[in-house]
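These are the structures in question, set out in turn.
Look for chain A in each of the two complexes below; its partner is chain B in the first and chain C in the second.
Presenting the complex of A and B:
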């Protein structure tokens, strides 16, 4: 059986002051993803290697890592595409490392919640016994932004977030737009404060790395541009019009 | 690790942050916003396995449909082992729950005029399966998670692994859990606990289930004295991708996909499932129930009419005649999964599939309020067995189940918590015991690897508790699992770090899986009949005289397993023949 070398980022805060790289030889099998190789390492070579994974079908968003320099889902990145190797596996960039390939994501979780990602509407006339109508074309307005799996590859790719972690970031803005553009939602104004801050949409310098990194075609960069238009319009209204007519 | 602090207490603690757990949390918050509710989950909620559900969620909404027809399909699909009172209230409440998800923003697929669309599904006589393309579970979970963020009383313990229920005088009053990031052990007090940890498909080697599906909640309840019900009923889904076990949704067949053997022949016609037609016919052929389709595969393989691959025999799922437009509109994830993981395109290529462990009909015994026999302990979703799924669950009943019974569990736990007295003093000693146990486990030096024992367990289960079973093999598996329990007790974790120790979690998960594996083989050995997903080659017929009854597995003090039986509730549908395609 042919082999390939994985060069894996290791960091155990209790034992090491600095991260190191450790090399493992793993079978080079046609159908193995990087995640399969990591599982081989953990089961057969080194049980202390730590990383997150769950569904191994590209939908739970757990297994994002930096593979040969690019943010990737390790379950969907195949060894043969990086042969003959070595394949360097590191944690996602722009996040603090807890241990080995496991990064700290509490900041990301707070940002998701900050955009009020739920339907905001006056429900007083809603009938719980029927659906709120929404045509397929109305759904198309927000659908791609609803496809985010929260894998954080876009934060890892984003140079702005890398420089300033206060930037609310691509996935959170896309999530805000997912609700802003939903015909059932009336909460755009309430989400505007967070999006209009310096760390909101204006932080983005439109590099577009987020959209390139996204494994689900969400296009956060497009969401950010649309959000900028909304924020700009509201700012103009705020400047020109008295509060009661806005 | 430090001594346990019973510093945090909540009115309701929910273990598990998937669909059932989040729905329960919202139900508690809506019952009374003064109640404090905590969600303790070993992964961030949006990582939970609900995310992988694909095809849809059933609820009668179409004008030509009725609640009674949904009940009949469910009960006959479950080979009459369902409790019919539970099924009746389930189908009634499913509709309201799916509508509530719609109001919360779930992007259900629509008809051109903006109403919710429904599709066909296996074993269902009417079109009643709501869907969000073929990412229904993903959208449902993210909608629930995002909606849960607006409820301030909900505290989340993300990436905390619950290791034990605290029980005081027959009443559950909290959990002990480890914070993975720091290794800190804490006792989290509660007036009521809801288990919503999903299933345990990882007990088997080849499964659609995520790495996290290790039966943790079932094991917690079992060890605390609650019975596990109908554990022998393990569902094989007929269409998994070889090697990965990735699920190809039943919706692929509902939209018109065919199952072909190596000769390109729609072999299901040979197994009393109807006659082939170009367009799909409800409750017929490829739209038969999962148990019958998986069994047909075994016979087809025995006849040498399947295709051999390095990962065992497969048949072909043919979607080519549906065309690219329909596949993109209705089955985009099927195409994405085939392209990304199998490197084939279902628009042009046949998809190799084989039966794969998918779902556990059994689980922690509850009544229709989601209450277990233990005071203060509730359970919902795949963790629980209420039982609406009987001997074989119909596709698209599990998503409404997590909503209906998640909501019921939350409401019942909230009501219980409002009446409950604070926990007694015995709890602190139990928490100290548990901390000692965990610290000893972490420091234990033992040669054998967790992975080796896990692999041995998985192969034992596949050999003895697969699609077809027999008494001799099951009896041997009982002995093998006992030995594996002993080996696991002696095995070291192999990683002493306090920081994000996934190996410690793997050891605890293995212990949970071994417990539920034992409950499965004991229940299967005792059930001397064939019903639904439990097929005994030595007892090939259904036996309603002896076994129209639920198996109740109790854990004995010495770690053994005792089986008792409880009658099935029959309201209006007396046991009959399961008829598909004729």
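Presenting the complex of A and C:
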């Protein structure tokens, strides 16, 4: 069996002040992704290696890592595509590292909550026995953005977030747009308070790398630019029109 | 709010030359820097308007100043950069702009195509005015 070398970022805060790299030789199997190789290392070579994973099929968004410099889901990145190696595996960039390949994600979770990614609606006039129907066209408006799995690859790819972590970031804005564009939602104004701040949509300089990094085709860069148009329109309306007309 | 491990977290730093680390980052920075050429053309236009307003003598001097080789090279370079700036923004416009006609989204190619048509039409009108 052919082998390939994994060059893995190690950071053990209880033992080391600075991170190091450790090399592991793993079998080069056609059907093995980087995550399979890491599981092999964990089970057969070095049980101290730490990383996050869960579903192994690109749904849970847990196993995001930097593979040969690119933000990737390690379950969808195959060893043979990087043969003959070595394959360098690092934690997602732009996040603090807790240990080895495990990043601290509290900042992202707070930002996600700030945009209220759920349907906001005054249900007092709704008939509880009647479904809120949507046409296929209405669903198409937001469906793409609903594919986000919170894997944070877009934050890792975004140089704006890397340079200023106050920026609310691509996935949070894409998810805000997912609900803003939903015909059942009435929360656009509430979300706009967060999105229209300096650290909201206006922080984005449209590098576009978030869209290229997204493993689910969400296009956060497009969502942010669309949110900018909404924010600008609302700002002009607020300046020119009395409240009862808006 | 952070975890209890906050003090022992390893903080990854963005390198000083981060924009050289990826081709796409470099293209982004080039796109942003080409806006300087657009600013130059605005300044140049204002200088032209001022010279026209100041009378025939000033206008002649402006034309002589503009005909110097270094000015021709500068304007040719600025034109090339302004064209790059325009094309790169036209390329990303369909991503930012969602236009619907009869409930259907207009394809990005059609949207970008319309921008190019408008650009060439305005350029042709200006060219006609200059040549006439």
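Basically, the second predicted complex is superposed on the first by the 242 of 246 C-alpha atoms of A that agree within 3 Å, B and C clash if a C-alpha of one lies under 4 Å from a C-alpha of the other, contacts with A are read in each partner's own complex, and residues count from 1 in each chain.
In this text, a residue touches a chain if its C-beta (ideal position, glycine included) is under 8 Å from a C-beta of that chain, and two chains touch if they have at least 3 such contacts.
It should be emphasised that the depicted structure is a prediction, and the values quoted were computed from it without experimental measurement.
Which of chain B and chain C touches more residues of chain A is settled by the count: it is B. Of the two partner chains placed by superposition, only chain C is touched by A:95; chain B is not. After overlaying the two complexes on the shared chain, residue contacts for A:132 are found with chain B alone; chain C is out of touch. Applying the stated contact rule after C-alpha superposition, one finds that A:159 touches chain C and leaves chain B untouched.
Of the two partner chains placed by superposition, A:187 touches none, neither chain B nor chain C. Applying the stated contact rule after C-alpha superposition, one finds that A:13 touches each of chain B and chain C. When the two complexes are laid over each other on chain A, chain A has residues 13-14, 98, 104 in contact with both chain B and chain C. By the touch criterion given at the top, residues 12-15, 31, 42-44, 47-48, 50-62, 76, 98-100, 102, 104-105, 109, 112-113, 116-119, 123, 126, 128-136, 138-139, 142-143, 146-147, 149-150, 175, 179, 182, 184-185 of chain A touch chain B in their complex. Taken together, the chain C residues at the contact with chain A in this complex read 1-3, 5-6, 8-12, 14, 18-19, 21-22, 24-25, 28, 32, 92, 95-98, 103-105. For chain A in complex with chain C, the touching residues are 11, 13-14, 18-19, 69, 91, 93-98, 104, 106, 110, 137, 140, 159, 162-163, 205-209, 211-212, 219, 221-222, 225-226, 228-229. By the touch criterion given at the top, residues 43-44, 46-49, 51-52, 96, 99-100, 102-105, 107-110, 112-116, 135, 138-139, 142, 146-147, 149-150, 158, 181, 210-212, 243-244, 246-247, 333, 336-337, 340-341, 449-451, 493-495, 497-503 of chain B touch chain A in their complex.
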